[in-house]
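Quick heads-up: structures coming right below.
After this come two complexes, each holding chain A, first together with chain B and then together with chain C.
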Partner chain A sequence: MTDNLLEGREDPARDSGYPQPPPRMGFFTDTSVCIGCKACEVACKEWNLIPDDGLSLLGMSYDNTGMLGADTWRHVAFIEQDRPLGRQNNAVALMPVGPSSAARNAQVVAAGLGDQHGARLGSETGATRLGPSPDGGPAQPVTADGRTELRWLMASDVCKHCTHAACLDVCPTGSLFRTEFGTVVVQEDICNGCGYCVPACPYGVIDQRKDDGRVWKCTLCYDRLSVGQEPACSKACPTDSIQFGPVDELRERAAHRVEQLHDAGVVEARLYGADPDDGVGGTGAFFLLLDEPEVYGFPPDPVVTTRDLPAMWRHAVIAAVGVAATALAAFAGARR
Partner chain B sequence: MLTTYRLTEHHTAGGMSRWLPYLSELQPEMFCEVSPELADTAGLDHLGWATIVTARAAIEARVLVTDRMVPVRVHDRIVHQVGLPYHWGRNGITTGDSANDLTHMALDPDVHIQEVKALTCDIRPGRRPRGPDRRRLVEEYQRRAGISATTGTTHRTTERLGKSG
Partner chain C sequence: MTAGPPSGTEVRRDGLHRVAPGRDALIGSRGGRRPGRGGEVVPPAEFRSYYGRAVIKPPVWKAHNIAGYLFLGGAAGGATLLAAGADLTGRPDMRRAARLVSAGATGLSLAVLIADLGKPERFVHMLRVVKPTSPMSIGTWLLSGLSPLVAVAALDEVSGLLPRRWADLVGRLARPSRLAATAIAPAVTTYTGALIANTAVPAWHGAYRELPYLFGASALAAAGGLVAAASPTSEAAPARIAGIAGSVAAQLLDRAVHRRLGMLAEPLTKGRSGRLLRASRWCAGAGIALLTASAVRRSRTLGVAGGLALAAESALTKFGYFHAGTASAADPKYTVVPQREHAPATPA
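Right after this comes the complex of A and B.
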């Protein structure tokens, strides 16, 4: 599959023409220790001088950001889930409670997002579900009305800095480029606002700013990295939920952390984006999740959207040759 | 029963943080948190408006219905909780009614810290009345509850010391 890729194979920086690149840098976001303080969102905006993107109460628990966008490069999702966390027991079964409000709330939220937030950002949202897990995992103790213990998941989302980055493949101006750290960055003075990269991103990260048309996304703080500093979000994270470092080292650390959580009985802990054999060749920013990726609004099996582009062009050339041959044959036949 | 608390995004009554766009966009509006059970009983809708009334004032807030709030059983009575962040006021980028308007003048008997974690209230759907009607609504509640200017003005510490000493 990698033979068909336009950009970035195994070692993205070296494949992009850096002869002696520094180690590939990235994020490991361990959502099991995220406390939902949103310091990463604020630090990111402060450092990168991103404008605020509207004061709207979304009703998605304490998440009033909704999704990543041109003016949101870190997004902390809050998911209220109708299932217990680890061995917690709040004795909810003994409480005078009725059914959960999660499903009803999710409908209200989805309706609201469609009209306002989603329309303004120009993309479909409502990916963060507040409802119970569809796999019907462990849910006990349960009340007579089916309401269970509650766990509150928090996760800080960011650009994944893919090994096979489709946004980079489709950029006609060269505004999007691969840095020596293996990250993907937009140069705002070159971007012409064509917007090809927006549908190319399998995660819906990159987004156009409506007032100037150019696209914006996380740069993994390229300016800070260049002088040996860590990105603003990981610097601000008080619990080290966001860890910054060489991707190889982070993958090792992440695998160890999953093992540790499994040993502690948190069997649902898993990594997302750490596998170099997935559809995007593994991501530079990957995550430790406590549930299915869909629960956090991540696509379960992302694939680089330019994967089939060479094959499509080959088919187009064959078709063009076929049309030309038919036309020639028609003329040749008419002479007789 | 009403309880007040703070959010990570704002600082005290919001006098500083509600002027900052980066913090205001993260918590853009005054809200009250209720359990699904209370929402059903009182007729409140997720993201709708509610009016919260105590013996001192009436304020309005957007409603967040959440499983995080649960009714509790105290002896033989079911007590519902209304959660209110106290970060809003009338100026700044994001404005809203102040939860501190509702709180009473009671201090805890030992160290005289204001008591804002447990007070009785009523919650009803819809926005609060404007102008003098707001005062009238509160007076109506006061009249029905038999609350006067002297209600709850006893100094418990003196009382207690008087008994023991």
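Right after this comes the complex of A and C.
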């Protein structure tokens, strides 16, 4: 056992007491080749027999899943932006109003919906015939040839399987445990629904299922890994945006991929979670992103809360002594 | 791109098979645009987020259970200490009041904590492990240790109502359990600060240095207030002093938290938590004034009113901090902006 279990560079499986663990396994999610097909979401649901999470239209581009939760272990985010992708001029020609993220688009949609706008949601509004732009002009911003610019970011989010996992640290029952593959898994027969892990996760991944009170999250398909199979989501991914393998190998491949993209002019490509010196000791599932992490709903610089736990215990003990001393002083100071 | 197999690459134990053709597609490499020109006309807002959605998950705890426990557990621990002091200094009426408050609050604490699990029988899973990295685990053991001890102390006060054999047993157990309870009680008042600080909730984690002290002080205010309200004025002086000292310290520590948190203190001042914490300040002032007056005038009525005001102050503080934490978790601003200040530099 080492004395920096709560932070620093560690081999999580060996640190948890596995004498000869297999290599640490994880995901490298290369969002630059994600096409937003959601095959990962579907494969995950089917393999893990996850209940449905409601049929709702959220008005967030093509994302009607929203975010990770007890019944969503893979979530594909869609972000529309008025900027080009690398050197590519993928401007939208002949579109009256520009991409749906533009304010102009919202005005035109509102005009098409008439008085009903905002009163009804999603499919209830039915088909709407959009008129031309109110002032007849194309949407801003436009390029020199009068076309709007557009890029579409898509990313499949998942549990990060942190090196220093707050959910695992704070679990009071030992339901959450570290597998021999260095991943973090909930034992559903042990979880008692205390809910402590939910606000402890710096990524907002693990969540409580309302009807049974217990928490659920991605297991990195522990059952499939145990028999030498790859997880359902990466198996289903048609573009290999989700790549599965030993974390060391994935980190190497990811670093190479970032270089490749920088050379191709996609200077905004960056890795997220691949640095073993970050606040959670690096994640087992990490990402290649094309914008800042918060744009995808990720925390920009997450820190495992238990890094500060030794200090918290110290303060709690000093405070307890202070409470006892104050009570003592109250009796000493009280005259009959 | 050739017509590839229907699925992506297969990862098997003996390596990769059927590597997907588009795996290393060089997105954005076609066309003649100069790199790094950028197309954003609108300057980035103060902070960015994914459609304004929360980054972390707010606590799923029910406020009346968990904020209620933050109050009850503190009152239980504080009252246990006051009971021991009253016993040692020969204040039988105050001792009885303090023991009943401590047993009652401990029982209610267990009740609300178990209620929040949804299924009561799941509570036993808490007792599988002792885990210092989980303040909830340590707290469960503290509370599980405290409850039988304070129960025995409370039974000792009402031993006249028990059958003879039981009364004898309780009488023999009373002294050792009182000592053990006194040893555990101070930790019960402060560990809850570490419990909620040990999360990713911005307003709670940001205040991890102050919360144990604040909760301990608030626990003394609650216990002092309740015991002062339930004891005769002539005996209640230590309870009054403890309550007033706790209340003053809690208000000072609350200010310290506001200073420490800076922009993160916003949820403590706005909305429901802002109202609760403002009310707690009023209750603190009223409670201190009433208890002082009750000591001067030897008035039991003023003592009861002042004691209850201090207990209300403590409850309002705990509920205020609970709701502020939830609000700070639900708004991505409080997660993104502080982290952005020390996040790695952005390429491009």
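We adopt the following convention: the second predicted complex is superposed on the first by the 253 of 336 C-alpha atoms of A that agree within 3 Å, B and C clash if a C-alpha of one lies under 4 Å from a C-alpha of the other, contacts with A are read in each partner's own complex, and residues count from 1 in each chain.
Throughout what follows, a contact is a pair of C-beta atoms (placed from the backbone, for glycine too) under 8 Å apart; a residue touches a chain by one contact, two chains touch by 3 or more.
All of these numbers come straight from a predicted model, not from anything done at the bench.
Of the two partner chains, chain C is the only one touched by A:234; chain B is not. Number of chain A residues touched is higher for C, counting chain B against chain C. In the superposition on chain A, A:184 makes contact with neither chain B nor chain C. In the superposition on chain A, contact is made by A:306 with chain C only, not with chain B. Of the two partner chains placed by the overlay, chain B and chain C both lie in contact with A:82. When both complexes are overlaid on chain A, the residue A:257 reaches chain C alone and has no touch with chain B. Contacts of A:40 after superposition on the shared chain: neither chain B nor chain C is touched. Once the two complexes are laid over each other on the shared chain, residue contacts for A:64 go to chain B alone; chain C is not touched. With both structures placed on the common chain, the touch criterion links A:158 to neither chain B nor chain C. Judged by the touch definition given at the top, the superposed model places A:55 against chain B, while chain C stays out of reach. Counting contacts by the rule stated earlier, residues 82 of chain A appear in both its interface with chain B and its interface with chain C. The touching residues of chain A, when paired with chain B in their complex, are 36-38, 41-42, 45-46, 51-57, 59, 61-62, 64-65, 80, 82, 90, 92, 95-102, 104-105, 108-109, 112, 147, 150, 152.
Across the complex, chain B meets chain A through its residues 7-9, 21-29, 31, 35-37, 39-40, 45-47, 62, 64-68, 70-73, 78, 93-94.
Of all residues in chain C, those touching chain A in their complex are 6-13, 19-20, 22-42, 47-51, 53-61, 77-78, 81-82, 85, 88-89, 116-119, 122-123, 125-126, 128-129, 131-137, 140, 185-187, 189-191, 193-194, 197-201, 205, 208-209, 211-213, 215-217, 219-220, 224, 234, 237-242, 245-246, 249, 325, 329, 332, 335-336, 339-340, 342-344, 346-348. Every residue of chain A that touches chain C in the complex is listed here, in rising order: 5-6, 32-33, 58, 60, 63, 66-67, 77, 79, 81-89, 140-141, 149, 166, 169-175, 190-196, 198-208, 212-213, 228, 230, 234-240, 243-245, 257, 260-261, 264-270, 275, 292-302, 305-306, 308-309, 311-313, 315-324, 326-331, 333-336.
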